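Across the two complexes that follow, chain A remains constant while its partner is chain B and subsequently chain C.
Let's turn to the complex of A and B:
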């Protein structure tokens, strides 16, 4: 019986042979394994991993990692508790793996825009985050480009407009939506191909909000980068800041005090509750059930206010820092939080009961927007969306960080994969997070909340479970400054799920399906 | 089990209004008076995100939750710029949003007002001077009022709107 964490190593041995190992494989500081591969072995290795149920969770590029290659590509694979990173040095050209791993398509297009790496055999070579107004040959993540304002085109010639996938046939018509939507929502474009009222195909186009997060981080001191991590997605501030700090702490071998981890975990769970409550309220608005929606939005506002009392920020910002927390939380505040949690649980359960016993709600929720289990692996769908479709994925359980090995969240799993399942999973997660917070406060140790240690050079990967699912970041520190900060939020993978979830549904159900997946535009567009 | 009969026979449920926030009520009453005087009883706002981190949207959305419920004060968020008096902009203006943002502004009937909400919309914030953004909202259209914050709270946004009403009143 192979231990779960050794699955990755075992897989490497299968395609490289036992004796090739020592100089080609290295351990990262966060339990990940890097395997250096030559070109001929690479495709074989990817096929082998695909056959062995590994999921491609990220693919990113770096310049200057090896002396003899212009670009280094990192392919991050996950299977259960094992993380394997295939490393491949290339010079401007590489073979595409998108036909083996569909999720690679966006990643490869991202690398192409950022660094100018061409992927041979890729089925989609359209630009991703650099839209039509950006000049040709511009690749912002190249080291040769110093971050400064650039001139873009003011208008786009119709022939240069983005070519959407076209579906043709009798009675098929297109409905273009966005980037500016009707509600108070982030911008993105949805291109529906519709027959009658039924959605036949949906293509999402994102990256309208591309703010250049990754480039912005380059050259900054790790401490100055926390603010950038918090700006990846406002409602995932704690998760992204914690993931970034975890990476720096692993690289620098900084021991975070226990009390700090208790408090971080409380903040992470509070953020999750707040996010889930917002989704649930939104889903109920979209099916015209204001009674339930208002109950949840009242609870959510109270959560924001409690967050403000705890941390002086409604979004729990400026609390997470390298080595722990920027300030302590007093016993009185924690006692207050305990009674808040207690009240919250009681009132939440009342609201939930009303919602789940309302026939008009259930009628709209089930069986709407189904995500099939078979899609989870090829598209790297994570978080509540995956757990509602039978996925056993939760970073807190698969790769426990901080004190999640002592405070184990209840594994949540449903199988139907529809809007109702996602609503129900989120409900269970809210209750579980409330329980977790209560247990954490009851046993929180006294002591420091920050350890100040020097920051060292190095690189590592960090994974965290945000409200939306698995967020990943890879940090490389060189000469005390950030050389590369790669972020991949759960939404990046989950956005592709919606294209499948809406098929066969009617256009009026799109808003509720979208809300049930709660995708962050900012966290995807970076 | 849920069936038609249980739905008919069960006790009708309703929810208590949350405790009122005195500060919000005071600003709200002043707001209503100002809107009545300047905008003929209702103020239509179109929200436009040009590249925020989504925290500012969440706070603007919160203006509609039962704690604030700004519709009471004559404020409505409208679905089209063609119906709007005020364009409420969040986030630094990205290159990818610039064209859509200009189109949105141009679609509004005059007279029109623009309010920038949050540090990034005010002057580009941490993204200022980088390749992906043009800067604050004032880089693409005239901005009448800036509400700074990371993000500003619903109460701060409401206070800012009140200041705009007073400004607009003086201009008349």
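Let's turn to the complex of A and C:
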């Protein structure tokens, strides 16, 4: 029986042969394995991994990693607890793997926009994050581009306009929605092809608020970069900052004090509770049940206020730093948090009972917006959305970081994959997080919350479970500064899930399906 | 046309316009209360209407004359319909006024123009709203006819004035058949005024809108007229329900004191009904669009029952 960690290595052995192994494979500092592949063997290797149920969790590009190749592509695969990174040096052209891994399509288009790498054989070569108004040949992530404002096109030739998938037939009509919406929400365009009220097809178009986060991080010192990591997505600040710090700590082999990990875990779980409460309130607003929605909104607001008391920031900002935490939390504050958690659990359960005993709510939630289990792997759907569809995906369980190996969250799993399952999964996760926080406070050790150690050069990958699912970041430090910072939030994968989840549902059910997946626009568009 | 009737026309129109925004606010207030919120002031709808009346009207370049006349046609149709339902004072009916079938089709006329205006501006949400409104009205119309037929069976008349005069004269609590019709009328009230579980008047989600979708492109004083006509329509339907079931306070003779008391009593009764609507709305989520007929079927069932009882008793 091979340990789960070695599944990746065994798979590589199978397609490379034993002899090639030692000089081709290298271990990263965070238990990931890098395998350098030549062009001819690449496609075969990917097919082999696909056959062995590996999931493509990220694909990103990097300049100047190898001397003899202009671009280096990193294909990150995951299966259970093992992480395998296929490394491929290319010069502006590469073969596409989108037909094997559909999730690669967005990644490849992202690399094309950022670096100008053309993927041959891709089924979709439209622009992704650079919309039509950006000039041709503009690729902001190239090292040659100095970060400065650029002149965008005033008008777009109708020929160059973004071509949406055409769905035609008798009675099919198009409903364009967004990017400007009636409520105060982020911009996104939804193109529905509808027959009567039934959704036949949906295509989402995101990336209306590109901020250039990855470019901004380049050249910054790792300590300055934390603020950037926190800004990737507002309500995932702690998760993204912790992932970034974990990567830097692994590279520099900094030992984080135990107390710091306890506090970090409390903050991570607090963030998860806030996010899930917001989703649940939103889902109830979208089926027009404000009585239930308001209870959760009130609890969420109280969570924010508690966060503010604890860290002087409603979104728990500026607490996480490299080596631990920027400041300690006093015993009185922790005691206060314990009683808050206690109260919170009581009130939450009352609210939950009211909602789940209202027949009209259940009637709207089930069986709306089903995500089939078969879609999880090809699209890399993670987080509560995947767990509600029978997926065993939770970074805290599969790749335990910090102290999650001692404080194991309860594995959550439902099979129906509809809005109701996502609602109930989130409910159990909130209760579980509250329990976890209580247990953490009860056993928290005394001691320092930060260890100051020099930051070294190197690169590594870090995975973290944010409220929305698996977030990933890859950090490369060169000469003490960030050379490349790649973030992939859970929403990047989960956005494609909604296109499948809404099919066959009616248009008025779209908002609740959308809310149940709680996708971040900012986290997708860096 | 005698002097009494002219006075009735003036009083009824003024009262209905003055009171309607209050009931809209009251429902909001009750709903806010159930959610543990303070909610806006009960005069908020008046302030909003005054604000809207001062604002300029913006027309989409795609829109035609329909968009320009719809607010006026809607308001006019609803105000005429309002004359058919005496709020506080029941005079002798004159001509066709008070005919229940005509009343129904005046409401249908307003709805028809609203749906046209929804399509007229060329926005996809207006079109969706209109299409949904028309689907719903196609299903609810037979039900409404049956409910009104049941009313006619109970009172042996097609005139609302005569019905009210009868209930006001007896002044007694409603008969069992009237209570059954009351349930049907309540459902029709909910459907016609686009409330939960049929539609959500407070939503910001364009994709789920029905009534709000149709008036999404309206602005300024036109929007004020649309809002006011919706409020008046609600009050008229509420009055129909109230004055049939609890005729208390309704006067048939024209005296100043009598009218004053009747107005106050009507406001109290209306406020109670507004509270009931608010609680009803808070108790459930919106139904899935294609499951709405099950709600209408309930109204249909109760009224059919009444007709059967009336025919065989």
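By our rule, the second predicted complex is superposed on the first by the 526 of 526 C-alpha atoms of A that agree within 3 Å, B and C clash if a C-alpha of one lies under 4 Å from a C-alpha of the other, contacts with A are read in each partner's own complex, and residues count from 1 in each chain.
The definition used in the following text is that a residue touches a chain if its C-beta (ideal position, glycine included) is under 8 Å from a C-beta of that chain, and two chains touch if they have at least 3 such contacts.
Remember, predicted model here, so these are calculated numbers, not experimental data.
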item	value
Touching partner for A:197 - first (chain B), second (chain C), both, neither	second
First (chain B), second (chain C), both or neither touched by A:298	both
First (chain B), second (chain C), both or neither touched by A:68	neither
Contacts of A:339 with chain B and chain C, given as first, second, both or neither	neither
Chain B versus chain C as contact partner of A:155, first or second or both or neither	first
Which partner, chain B or chain C, touches more chain A residues	B
Chain B versus chain C as contact partner of A:288, first or second or both or neither	second
First, second, both or neither for A:177, with chain B first and chain C second	second
First, second, both or neither for A:508, with chain B first and chain C second	second
Residues of chain A that lie at the interface with chain B and also at the interface with chain C	182-183, 291, 294-295, 298, 358
Of chain C, residues touching chain A in the complex	31, 34-37, 124, 128, 132, 196-197, 200, 202-208, 282-291
Chain B-touching residues of chain A, taken from the complex the two chains share	129, 131, 133-134, 140, 145, 147-150, 152, 154-156, 179-180, 182-187, 207-212, 215-216, 227-228, 230-235, 237, 278, 291, 294-295, 297-298, 300-302, 304, 314-315, 317, 354, 357-359, 362, 520-523, 525
Chain B residues within the chain A interface of the complex	2-4, 6-7, 10, 13-15, 18, 47-62, 65-67, 77, 79-81, 91-92, 94-100, 104, 126-127, 129-135, 150-151, 153
Chain C-touching residues of chain A, taken from the complex the two chains share	175-177, 181-183, 197, 284, 286-291, 293-295, 298, 358, 360-361, 363-364, 506-511
